[in-house]
Each structure stands twice: as structure tokens, then as C-alpha cells.
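Some structures to go through are shown next.
Both complexes below contain subunit A, partnered by subunit B and then by subunit C.
Then we have the complex of A and B:
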């Protein structure tokens, strides 16, 4: 599991941005739960990775924030800015290329021809 | 029935962050973490049938590396999570100013060697730096709620402002003297602090949106 987490590490920002693109606005805890749900517990985003990533993307202008009072506490929602949407498209293309190349390496030319 | 935390329990979490983890001035991040901690504690209480105190200790222990200030850190008494953001801002503004200042100082020095007036080159730099400085003081006075960005923007503002003004005065006084060839370090200081002020003013401006969001809900 730990080795898998290392593989996911480089794609954390892309994962966050993709989720926000699909869901509009999300808060931190919701993002961690959504990832856990989609990957059936295989991927676990720790708070130590999530919040620095969110705050950095916010500082870079890819994310906007909105605050609301929910269940007696204040909740900070993140959503993509215009530049965030463009960046998401670009990063998803990169990730798709990466997956395609890794697929080619893993399956190999012999298996591909079958 | 799904348990949700009471107002007192949420307040307990917030007080712990303020007293144990130095989150007092970082309202935006503190409120965000309170919400996440509360959600995790609720999940633990519901899934494991635990009481609030047990769940609180378990969840907070998991979060400790991220929220406690590091014992050895460039920023003392600042939660680690905030340090991480500040470090990324530093690499942009602080170290960026350092490199840009060296480049500009070298260029200006060459221009002055070729006969360009010192005042023509430095007056715009001084003007922009002073405007940024005034803006920073204005935002410091008018900011109603402190956040991660506002504390960063106003950090050492008095010390930096005094040093900046000192560089301006020294540069003007020694330039009037005629001999500009030994003023390279002073040129660098003036340009560096001017760029630093602009960078900090930019951060203070970025903070407006976050502050407005906080004021909407606090």
C-alpha cells in the first residue's frame, strides 16, 4: 500500500483539480472521502498532503474559496478558477499520456498484438 | 442516529488549536482545520462507537505533525502547515526578490557607468516601493481579521520599512556627493527592499478576498 501511495504522490494536484471540475465546489474532508470512495479505500489522501496542496493551488490562482456556516461550524469550499479549469485540462492530458505510456510499458508489444 | 458535535465540542477543538498549536492569528486555516477535525471525530464516534474525548485524542494525535509548530524552524511559533505555505511564498517573493535585485542592480550599475542619471533610474523604483509600503500600512490598519496571508504580508513591516527608508536616504545623500562607484551595495539594498514591498503588497491584496469571505461568516 505504501509503495502505491508513492506512485499517487505526483498526481495529487491533478486528482484534486479533476474532482473539483466534476463536483463544482468541495471542502477538504469531502475531497478525502470522495477519493477513498472512488478508489474503494486503495488511495488515502492524508491531511499532510491535502492542505498544503490546496493552499498552494489557491495561492497560485487555480482555486477560489467560499466560506459558509454549516452544522455550527465554518466550512471552506474550494472551486476552480478560470485558469484552474485550463490547468486541469492540461494536467489531465499529461496524466492520460503518462497512463498510456505506462500501459504500453507494462503490457509490452507482444501482449498488445494478441 | 448519526452523531454530530455540539457547539461546545466544536469550540473545544478550536480552543485546543489556539492554545496548543499557535493558530490564534491564522483564522482562515484554523477554521478549516476545526471543520475537518470535527468531521473526522464525528466519523470516528459514529463508526467506532467512541466518545468525544477518545475520538478527539486519537484524531489530534494523527494531525499533530501537521499542526504543531516545529521545534527547529525558520518561523518560530508557527504551525507547520502554515510554515509550508509561507515557504512556498518565500521562494516566490523573498528569494525571487533577491535574484531579481542582483540582476537589476547589475543592469543599473552598467547604465550609470554609461552616463545615465542615477535619479532617472531610481526614482521610479523608489516611487513604486514607497507606494507599496504605504499600501501595506493602510492594509495593516484596515484589516479586520488576520489570516495566513495577512500575517505573512505584514511580517516585520516596521523593520523592513525603516530599512527601506534608510536605503533611500543613503542612496540620495551619497549620489548627490557625485561619486557613484562605491554605491553598488546600496543600490542593491534599495532595489531589493522595493521589490520586497511590492511582493508583500501583492500578498496583502490577495488576502482581501479571503478576508471578505471570513467576515461574511464570522
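Then we have the complex of A and C:
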């Protein structure tokens, strides 16, 4: 794993939820590819991290599953539940705060806050 | 685009089974993931062999392969049902249910205090009998699951969690309940005042657990297992 991957690790669940909010329903492999595509290969969600995260959120009731038959095999799609939608909003707020604070630290204090 | 044949998909199921994934719902997800990854690799290089690509994709799951994944999913679900159980029990100690719990506590205490040795005998008998009934119901439930698995030729991860929900309290508290049997053979059965408080608290907690387990946990597990079966059957 690249060093920078550590920085993304804590936001994995939020990233997955945000993707599901935007795309409706997605399956595991699709999520890994979408993240790679959006970040132009900078972020790589490993299989060993993705499925535990999905299963945890499913057990917590944030995600629901749906099955479909594609190319002769069963595909398991994940989608946000009602509580998952609410959780996404609050997690996104948290993440945005985090980004703003990090930005302030990295680039010096924001003039508006002084 | 080169696609996997049905035979290769079947091989992927065998592969997951060989790597200790016994639950069909988990196998399905992993098979689809591996199949997608193999087909994507073929898109870049169609000359890659099936086995070679499969091994390369499997490596991405880390040194524990699929085993860590199965265990983690079981733990998450187990945690979920445990949380559900304890949250419901805890609600009996908050307003408005606490009034009912307190009344129950004082009623049991009053009866035990008034009836002395006879009361304790009945209390212990009620505890042991209900524990044995819980244990046998657990065996029956697990047996039913095993029979269903044999019939369907498939097992679901949730079924293993349901089995744990029965077996963990049975094994964990079995010693406590069976040691109570010894009390029947003691000459002086009447308990002290502190003993009555303890026995009352134990009785209330015991029956609260049983009540919540049969009213919430077991029906919820049965419903979720049925939903899982249905979800895969309708495909």
C-alpha cells in the first residue's frame, strides 16, 4: 500500500456512502473501479478493506442489498437505506469540516476566520 | 470482450469453497467480484489464462484470503444482534418501562421474602427449567437450520450468527444454572436478606433476557434468514 493510502483510510465509509448516494446502487467491484477512475488511480480501495466496510455498514442498517442476474452470475448491489442517507449527510459534513481544517493548517489560517 | 463461461463461474464457486467460504451468500459476492476482475484483466490482455488471473486477483484479498472477510462479517452481524438485545433490555431500565421493572422487582422480592425456603425452591426451579427449555429450543432451532441447509444444499452466513446467538449464552451461562441444582440438596435452603435481593435481581434479568430474546431477537433472525433465502430464490 502506498503511504498516501493511509490518509484515505479513515474516510473509506464516507467515500462509499457518497458514491452510493450519487449512483443509486453499486456492486463491490464497481465501487473499486469508480474510486480509481475519479481519483485517476491515486486512491486504490483494496478488496480486503472494501468488503469489511460494506458488510459493517450493511449490519448497521445503513445499506440494503439487492440481487440481480448478470452474465450468468448473481450480482449483489448495495444501496443506501433511509438511515444511510441521513448518515451520509452528517458524515459528509464532518468530512468537509475536516478538509477545511486541514486546508487551513496546510495553507495557513483562513482570513475569514481571523 | 472475453467473458467467463458457466463452467469457469462454477470453478470460482469451488475456489471460494476451497478457501473456507461455506456460506452461499458470501460465495456469490466473491464469485462476481473475481469474475469481474478476471474479465477486466482479459480486456487488457486476452491471452492471460483463467487460473493465472484468478490467483493474481485472489492475492489482492491479502494474506488471510477470504477467511478474515467471513469472520468479520459474522462478527458484525453478531454485534448487531447483541446490540439489539442489550438496547431492548436497557430500555426496561429507562422511563416509562422502569416503573414496570421496579414493580416486578418488588413483587418478586416480596414473594421471596414471605415464602422463604419454598419460594427459593420455586425460584431456582423456574430458573433452571426455563434455562433448559431455552437450551433445548436452541438445539431444535440449530437442528432445523441444519436440516434446511441439507435440503437446500446451501447455507447462509446469517444462519451461523443465529446459531451463535443461542449457543453463546447456553455455553457461557450453563455452569451458573447447573450449579444451582446443588442448592436443592443443601439442608438450609432459606437465603439471607442480601441473598433475596440478589436472587430477585437475577430472576428479573433472566426473564427479561428470555422475554426480549423470544419477542425480538429470534423473530428478527428468522425473518432476516427468510428474507435472505427469498432474495436469492427470486433471481
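Here is the rule we go by: the second predicted complex is superposed on the first by the 107 of 114 C-alpha atoms of A that agree within 3 Å, B and C clash if a C-alpha of one lies under 4 Å from a C-alpha of the other, contacts with A are read in each partner's own complex, and residues count from 1 in each chain.
Criterion: contacts are C-beta pairs under 8 Å (C-beta built on N, C-alpha and C of every residue); 3 or more make two chains touch, one makes a residue touch a chain.
Computed from a predicted structure; not experimentally measured.
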Simultaneous placement of subunit C and subunit B on subunit A, clash or fit: clash
Touched partner set for A:48, first subunit B, second subunit C, both or neither: both
Contacts of A:56 with subunit B and subunit C, given as first, second, both or neither: both
Where subunit A meets both subunit C and subunit B, residue numbers: 27-29, 47-48, 51-52, 55-56, 59, 65-76
Subunit A-touching residues of subunit B, taken from the complex the two chains share: 4-7, 10, 28-29, 31-36, 38-40, 62-63, 65-66, 81, 84-85, 88-89, 148-149, 206, 209-210, 213-214, 216-218
Complex interface listing, subunit C residues touching subunit A: 3-4, 6, 9, 25, 28-29, 31-33, 35-37, 40, 60-62, 64, 68-69, 72-73, 76-77, 79-80, 231-232, 234-235
Subunit A residues within the subunit C interface of the complex: 27-30, 33, 46-48, 51-52, 55-56, 58-61, 65-76
Partner subunit B, residues of subunit A touching it in the complex: 27-29, 47-48, 51-52, 55-56, 59, 64-76
